[in-house]
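Heads up, there are several structures right after this.
Both complexes below contain chain A, partnered by chain B and then by chain C.
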Partner chain A sequence: MNNRFLINYIPGSTPIHKLNGTTKVLGFIAITVAIIATFDFRVMLAIFALCMLGVASMKPNWKPVAFMFGFLFVMNGIIGSLMVFLISPESGLTKTGMETIFWQTEGGKLYMSWELLWYAWAMFFKRVTSLSSAILFILSITPSELAAGLNSLKMPYKVCTIVSLAFRTIPDIARDFTDIKNSMQMRGVELEKASLPNKLKQYVMMLVPLLMSSFAKVENISNSMDLRSYGKCKGRTWYSEHPATKGDYIARGVIVLMFLWCAFYIIFFRNINAPAVDFWCPWVPKEISGYWF
Partner chain B sequence: MERKPIIEFKDFSFKYKIQSKATLHDINLTIYEGEKVLILGPSGCGKSTLMSCINGLIPFSNEGTITGSCKVNGRETKNLSIFELSKEVGTVLQDSDAQFVGLSVGEDIAFSMENEMVPRKEMIPEVEKLAGTVGMQDFIDALPFDLSGGQKQKVALAGVISDKVNILMFDEPLAALDPKMGLATIELIDQVSKDKTKTVIIIEHRLEDVLYRPVDRIILMGEGKIIADTTPIELLNSDLLKQSGVREPLYITAMKYAGCDISKNKTICDIENLELSDDDKEKLMAFFHEETPEIKKEPGEEVIRLENVSFGYEHGKNVVKDVDIAIKKGERVAVVGKNGAGKSTMAKLITGIHRPGKGHIYIGGKDYKKFTVKEIGEQVGYVMQMPNQMIVKDIIKDEVELALRLRNISEEEITERSSNALKACGLYSMRKWPVDSISYGQKKRVTVASIMALGPDTIILDEPTAGQDYRHYTDIIKFINRLNSEYGKTIIFITHDMHLAIENTDRAIVFADGEIIADESVYSVLSNDEIIDKANLKQTSLYRLAKKMDISPEKFIEHFIRYERMVKSGE
Partner chain C sequence: MLKKFLGEWNTKTIVAVAIGAALYGVLMVWGSIPVFTNTNLTSAMIVPVVVGALFGPLPAMVSLLVGNCLADLIGGWGFWFDWSVGNGVLGLFVGLLPMYGADIKNGIFKIKHAVIYVICCIVGNALAFGVVTPIMTSLFYSADLEITFLQSFAGGISNTAVLVIVGLPILFILSKRYASRTNLVEEPEELTEE
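This part shows the complex of A and B:
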């Protein structure tokens, strides 16, 4: 039952798992800022390596991880890149500063340049990096730690408990839905054979009993929370949030350095000394790209 | 010794804001410190409302008008917040799943401490201690999804039972448990009540099960009023139970049938220690030897046959193992066993949602391999436990016609078949009513009618009476039995309820760990200790009574059922 859809409900025992919720949430924010800030393939590669190292250290089940990367490759790597090629083949020039065309149609409407390929690759890799950071975060944290971590960053605790309650109920709702679907199939709903609009209609129909049975539970849940003093105090303590350990302090040190680096990078390399084009490309000379390192 | 009143109702009435009539009328009731009290009554009698008045949910979450006074520990509840009251009153709610809000056992037990801003350092040892008091110390890191209903209930108790709380209330603690877990819960409640500073209030309608351990006092409620406030002995002696729609313990019914005088028997409440006088024994023996008509049934042709069926969700892990079953037309069969023993998987196999990994299933004599789920649905109908899980349309008639419309049947035939189904279920005059406006029992009928419209030979009902009091239970069962006797439907009950199985089925199929461990008459199943233990069932009180008389429990239970059917058919 643990590790459904990658989500862990029981804290693991590797060094990253053992960090507390606040550290994990902070780390995720730091990495996300770093990824958003940069279009430089070399920086992304470093972040990606860091994240994958972290993922590997948690000894995950690689199957769903590989599936997610595969899904991203098909949706973004293939379909996304094809779109760029079809819609705006000039992106190679605008994004990297140069254009070395090696193939084109007769009228020259569609063409392919090495820079366009690099641009598509770099965009794809940026998403791969985001995904790797998201996987790192999801694998490392339990929903309770997430709630506690968000709360420690001044998110109101009522919002945070909604997060953990959602994770508490998702598996139940999924099970209810399967039951309802099965009973509808026995009555004659054929989801496999239906056309897409019909299928959609039938799924919507099944939402009625799902909502009815879920709403009935809401009252019980809220009563049970009221009876145990939920909402009595302005704040709340968290059973799942252990105090910071040595590992947390080290990790937070690294996170602070990352934030500093992000600030420095954004100020100097994206503003004061911003390059002429967004994307660094290995063979475009410094004079054109403005990437002076 | 002067007893200290802990809960005092004086001329108390309550009316919910959304209702026109009061739910509680003129309640005068005093409960003393250290007492163990059972509040008994059918659904809708106001017992849950009474509980909400004590723990502060009224008026905190349910607005309404209060008249009169209700004091908890000397203080008027009207003037207290739910948070102040929760320090004195701990409540274990009925739905043990919904009240589990934490993501692990420890977290759920800690929930109220978290809200009280208890520092984590103090919380951890307290959680361990509380988990220990309910016997869950080895499960502190367990997830809610991996716990049984009984375990969740223990966690709920641990979550409200801190030192300061001196009133504990249990709202229908047996509702969601199998018979054996139910006994364990009653036992646990009894242990809690041994601490004489704690007052324990149990709200239930399953009298026989609660009386497994003694209670000091029973308060019988009906229609928002207190009908009786008395000792268990006096209540059992009176006719009040029958009048108010609460089921009498079976052994008491048997003794009353036999004509025993139970009024002078001081041990009458406790079947374990019941002492029978010579006169009682004589009368019971005479009762036992009375002639009763044999229950005969001509077995029809075979409708369902499972041959050597195995099935597993994961490779190599079979949850149904080498099962052989043959069910004949017109039979009524109970499928029993603890949660996860394979009962519902078997239902999913028969209905074709899952297909056997090994073996064959025949429906109406044909191997069902080539049938789709839809086609199987025309021969075997499946009715889910909660009507709300099935109903998708607003109007009763549309709901019943849904399955027909999905099959491209002509309009005339749809009308004819749905009308017949509606008539069979006693809903024809209500066919244009919105589903929202009808009661739980009527909704149950709607779901059965929507299955009946397809004209199946067999109907599988999953816990058809779960959570229903005796009166509603009787209504639903009567209706289902009519489908069997008048329309010749084969009925398969999937159930924990042994009363239901004893009185309404001819045969029990008992599952344990995916295997069938018994397939015989209900009375032989209930006389077999080994099967009872493996399947999380419990012995009925009739079994105990027979043992005390040194007669065969199997024969005694059988006789009792025949006698009861004879009496009921005479009514």
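This part shows the complex of A and C:
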């Protein structure tokens, strides 16, 4: 379970870690917009490469990262693609514009086309890209930096406090959760191999003590915050916020370029000159797909 | 009425919303049973019920929105902004509890409130996962509309199931607990003055 923690609480020492909170939040927004905007595999590959480069430069613990990608592969790569195949095999045609069927059942209800495979792969890859950007973001940022960054983007500081506080309490709550789970298992409650209704029941039994212990913290924390005059003034400064450095200006330059590119891409390639189909596919001729490069 | 809707944004509410969001994140990642792709039968759905009951709809919504973003970031499935927004809408509906007179803090939660609560859960799920999420998913991620609907349908059903089957007993337990603490009878005005 602890294997899956990627949250940083201590600022790291690599160039990306040293960036300002504002830069990191802006960068994440830019990458997310770029990922949402595109269905072109080549663009996604570029974004993915960029994100993974960033992740690699931070020298992370690769084990949880690999686990996340593996999990995504099973959930979306295999099961998701299987569903596309079972429920709407025609989406190969509607999403890429062509259909080259290479296998079908007797009645023709289920069939498999190369384009369908490509569509499933591209969809999966979009998710992979999204995950890589999330990993990049979560590895680079500490909760306070996140709050400071959000606040500098004119988010009300109370919301920022919520975000950073939630981030901070996750390990505590996760520890409580494990403790409760372990003590339940010590008393002979089966959680791993139980049937579904039983499993649900066990989870509910774990829920009540967890809720109690978590919300019992509220009083303590809010009292100590009140004692330190939280919320008495309109604004707030952040301990982790530091003035922008040279690296920040470079990163912000890249981010501005990225935003401009997104705007251009969305206006030009998704609206004015929109291709006939969403997904670019290497062997579909451009007369059909409408992708003219 | 508006005040009940917005909730009181004092320090206590902020901390409770934050803890709720963290709890949501943890339960979403470790306390759920996958039933479908991208869909879990998750005990995390209890968070908006408790936050909503104690603090009102808007805190429940923020808690769910932030919690979902957190869960996305730590859970290992990427950032799915469409589902977060859908969950926020759901939180708003689930957290409507104080709006129709259910007052958990004073131990008021009757059968009437339970019925309205169930209706709210169903309407909220239908709106969040029948309208908001599928539209956003197909708009932003161009997933197949049929599959998206199926996914969000499964999500809505499992959420409703958790909200009703787990949420109702917890609401009754909570209101009972609070009622036993507040069994004081209100005294006449002049006696309470110090």
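The rule we apply is simple: the second predicted complex is superposed on the first by the 277 of 293 C-alpha atoms of A that agree within 3 Å, B and C clash if a C-alpha of one lies under 4 Å from a C-alpha of the other, contacts with A are read in each partner's own complex, and residues count from 1 in each chain.
Here, a residue touches a chain if its C-beta (ideal position, glycine included) is under 8 Å from a C-beta of that chain, and two chains touch if they have at least 3 such contacts.
For clarity, every value in this text was computed on a predicted model and none was experimentally measured.
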Answer with first, second, both or neither: which of chain B and chain C does A:Asp226 touch in the superposed model?
both
Once the shared chain is lined up, is A:Ser144 touching chain B (first), chain C (second), both, or neither of them?
first
Touch test for A:Ile10: chain B only (first), chain C only (second), both, or neither?
first
If we overlay the two complexes on their shared chain A, which of chain B and chain C does A:Lys217 touch? Say first, second, both or neither.
both
Is A:Met206 touching anything from chain B or chain C once the two structures are fitted on A? First, second, both or neither.
both
Where does A:Phe167 make contact in the superposed view: on chain B (first), on chain C (second), on both, or on neither?
both
Return the chain, chain B or chain C, that is in touch with more residues of chain A.
C
Looking at A:Arg236, would you say it contacts chain B, chain C, both, or neither? Reply first, second, both or neither.
first
Which holds for A:Met186: it touches chain B only (first), chain C only (second), both, or neither?
first
When the two structures are overlaid on chain A, which partner does A:Ser88 contact: first (chain B), second (chain C), both, or neither?
second
Both partners, chain B and chain C, contact chain A at residues 1, 165, 167-168, 172, 206, 208, 217, 221-222, 225-226, 230-231
Touching chain A in the complex, chain C uses residues 9-12, 14-19, 21-23, 25-27, 29-31, 33-34, 37-38, 41, 43, 46, 50, 62-63, 66-67, 70, 72-74, 76-81, 140-144, 146-147, 150, 165-166, 169-170, 173
Which residues of chain B touch chain A in the complex?
55-57, 60-61, 82-83, 86, 91, 93-95, 97-104, 106-107, 110-120, 123-124, 127, 141, 143-146, 156, 159-160, 348, 351-353, 372-374, 376-377, 381-382, 384, 386, 388-392, 402-403, 406-407, 450-451, 454
Spell out the part of chain A that touches chain B in their complex, as residue ranges.
1-2, 9-10, 142-144, 164-165, 167-168, 171-172, 176, 179-180, 182-190, 205-206, 208-209, 212-213, 216-217, 220-233, 235-243
Quick check on the complex: what are the chain A residues that touch chain C?
1, 4-7, 32, 36, 39, 64, 67-69, 71-72, 75-76, 79-80, 83-84, 87-88, 91, 95, 123, 126-131, 133-134, 137-138, 158-159, 161-163, 165-170, 172-174, 177, 196, 199-200, 203-204, 206-208, 210-211, 214-215, 217-219, 221-222, 225-226, 230-231, 278-279
